[in-house]
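First chain A sits with chain B, and in the next complex the same chain sits with chain C.
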Partner chain A sequence: MSNKEWPLWEVFIRSKQGLSHKHAGSLRASDAEMAINNARDVYTRRSEGISIWVIESNKITASDPADADSLFDPSNTKVYRHPTFYDVPDGIEHM
Partner chain B sequence: MEKVNNSDLEKHFEDRIAADIRIEPNDWMPEKYRKTLIRQISQHAHSEIVGQLPEANWVTRAPNLRRKAVLLAKIQDEAGHGLYLYSAVETLGADREDTIDDLHSGKAKYSSIFNYPTLTWADIGMVGWLVDGAAIMNQVPLCRTSYGPYARAMVRVCKEESFHQRQGFEIVTTLAQGTPEQKAMAQDAINRWWWPSLMMFGPSDEESKHTEQSMRWKIKRHTNDELRQMFVNATIPQADLIGLTIPDDKLKFNEEKGGYDFGDIDWDEFWQVVHGHGACNKERIEARTKAKEEGQWVREAALAYADKRAKRKQAS
Partner chain C sequence: MTKQTALFDYLLRQADDTLILGQRLSEWCGHGPVLEEDIALTNIALDVIGQATELYEYAAQVENNGRSADDLAFLRLEREYKNVLLVEQTNGDFGKTMVRQFLFDNFQLLHYTQLLNSADAQVAAIAEKSLKEVKYHLKHSAEWIIRLGDGTEESHNRVQESVNELMRFADELFFKNEVNEVLLSEGVIGNIEDFKQQYYQNVNKILLEATLTIPELKYHQKGGRIGNHSEQMGFLLAEMQYMQRTYPGMEW
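For the complex of A and B:
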């Protein structure tokens, strides 16, 4: 008897038209088709979705939490990237 | 050198816990935090899965089609809850099948409540109203637990679980308002389920060996006794409303603490059941082991089929 496990899949669900797919969770399945079917049972029992994406978990590359500072800190000092950084003179309503 | 690094990491971890920032799978965490979570989440998952068994007993004997459809939906939810939680365990580096084998070997526990038999239809009502009610009391604070994947799984579970308690209360209410025989059946069921439901919150705070550390790590947000008291306070008025008597002659509202005083729990019974001597311990584990063993060829066949299809696709 082989004890090989079914691969792990990550499940992404589009909750309604116009929204993007969002990570819902993970599950085990022998192939992509079964992953979709299982995702339907596990993650959309209450009309939570209209579209499902699945991808094998080991195909995902994630950023390393140890790199978080070097990756994300630089943008903290660039407040001028936000519209609220700028003063709009009184009298101008829409800009 | 390594030691200095470790204490830096530990401090960073403690700071995040203190600031209520969730810990995520790839973040550094103390080994003991990881182990505690693997134990707690896998036992929680096992409880969801084993919890299907006492209910499955009544699927074919539900009194009408509506009750049957509801019960099936509830059992399917329990399976889903188990799966969310096994996925959360896997993010900690634990092997899903290993944790399941630990259940089958008796190394891992599950909620001892599921070792009590469901003898009548009223018991299915009690399982929803009291057992799921107690579970919700336990699970709502876990939506804020410090480990991200566990907290997110609990948010889903809690959303789904509230219908479970309501359908149970509906069953009990219907019986309590029915014929004298039906009312007696409901009373008999609460007599048997009340105390085991209180035991679901685990040993008293003085006896609980995991509580203190788990509170410090914000895995748990309330102690066992706090949760038990909240459950008693919430449930008594519900029983009063439908005219059932709680089997506890020491039950009395205490103005000073703004809650009910209640009688002593039979901890000998609790430990007996935890240690495998409840009415159904053996039956439950046998059912789970059989399911895994007899499903083995299906899992293998599915893999072989996936393999064959992948190869065929490659060749074309």
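For the complex of A and C:
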């Protein structure tokens, strides 16, 4: 019997509110079709979603935490990139 | 035979099929081969038990004799259960459970599709709701048959063995007697034989895709529909009915 583990997949679910797909978690499956089925069973059994994306975890390229300094810190000092110099008129929602 | 008696009997057949299968599937809870499949099997178990609930509730209403859906589900004797032998067969390995499921899902899909045209609005509504679930069940089981059959040498041999063992139970799904005649003439059900050929075509297509051999059957095993169950049925009922029999009317 083969004891090789199935590859890991990352699951993204779009909720009913029509927002973009959000990372829901991960699971194991032997192929994409099984990953969709499993995602349906594991992550949408309480009607959490209307659309599922799956991608093999090893296809994702992640930023290296060690590079955080050069990647993210420079933007800290650039306050002018934030639209904070405007007065938001009363009655504007979702800002 | 009155239409009422026939309808009650017919509803019990479908209700018992789904309840007993649900009971079998729920035995997998916590024992699935992988976490994802454990949840899938439990979901399917809940789906079919949900179908059973609706069918028993309607059956109780049709019988109109003071018995509740729970009474029908839990307080009958073995010989009074009308489920086909297929669904009471033991789980075996995961492959065997999938073969049993696959043979049943294929039937349910065609059967419920036919019942969409039922003259009985309640029957048509149950069929419509259940169909959505059944389509997924079939997708799930058919994919597994292909994966296991066209998988490793071991998975192929094991699933082939289960096909050889369970195929003889498929024919009973097409059981017919006076009940069918009465309901057919009232337009409550269609002619079950109309989709028998289609059933075997669909089943065989997937079996061939899974590189499996379609067994040549010399005989078909049947008896469940008239209450003659296989020996494992008693054990299943003992476990399933224990709570209601020990604490009658218990609720939680």
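Definition applied: the second predicted complex is superposed on the first by the 82 of 95 C-alpha atoms of A that agree within 3 Å, B and C clash if a C-alpha of one lies under 4 Å from a C-alpha of the other, contacts with A are read in each partner's own complex, and residues count from 1 in each chain.
In the analysis below, a residue touches a chain if its C-beta (ideal position, glycine included) is under 8 Å from a C-beta of that chain, and two chains touch if they have at least 3 such contacts.
Computed from a predicted structure; not experimentally measured.
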### Query
Is A:Leu27 in contact with chain B, with chain C, with both, or with neither (first, second, both, neither)?
both
### Message
On the A-aligned overlay, A:Ser51 touches which partner chain: chain B = first, chain C = second, or both, or neither?
### Response
neither
### Summary
chain A contact check, chain B vs chain C, more residues touched by chain B
### Message
By the touch definition at the top of the document, which applies to A:Leu8: first (chain B), second (chain C), both, or neither?
### Response
first
### Query
Is A:Asn37 in contact with chain B, with chain C, with both, or with neither (first, second, both, neither)?
second
### chain C-contacting residues of chain A that also contact chain B
1-2, 6, 27-28, 30, 34, 41-42, 45
### Task
Quick one: which bits of chain C touch chain A in the complex? Just the residue numbers, please.
34-37, 39-40, 43, 136, 139-140, 143, 147, 152, 154
### Task
Name, in rising order, each residue of chain A that touches chain C in their complex.
1-2, 6, 27-30, 33-34, 37-38, 40-42, 45
### Task
Report the residues of chain B in contact with chain A in the complex, numbered from low to high.
24, 26-28, 73, 76-77, 80, 83-84, 87, 90, 95-97, 152-153, 156, 160, 296, 299-300, 302-303, 305-306, 309-310
### Query
Across the complex, what residues on chain A touch chain B?
1-6, 8, 25-28, 30-31, 34, 41-42, 45-46, 62, 64-65
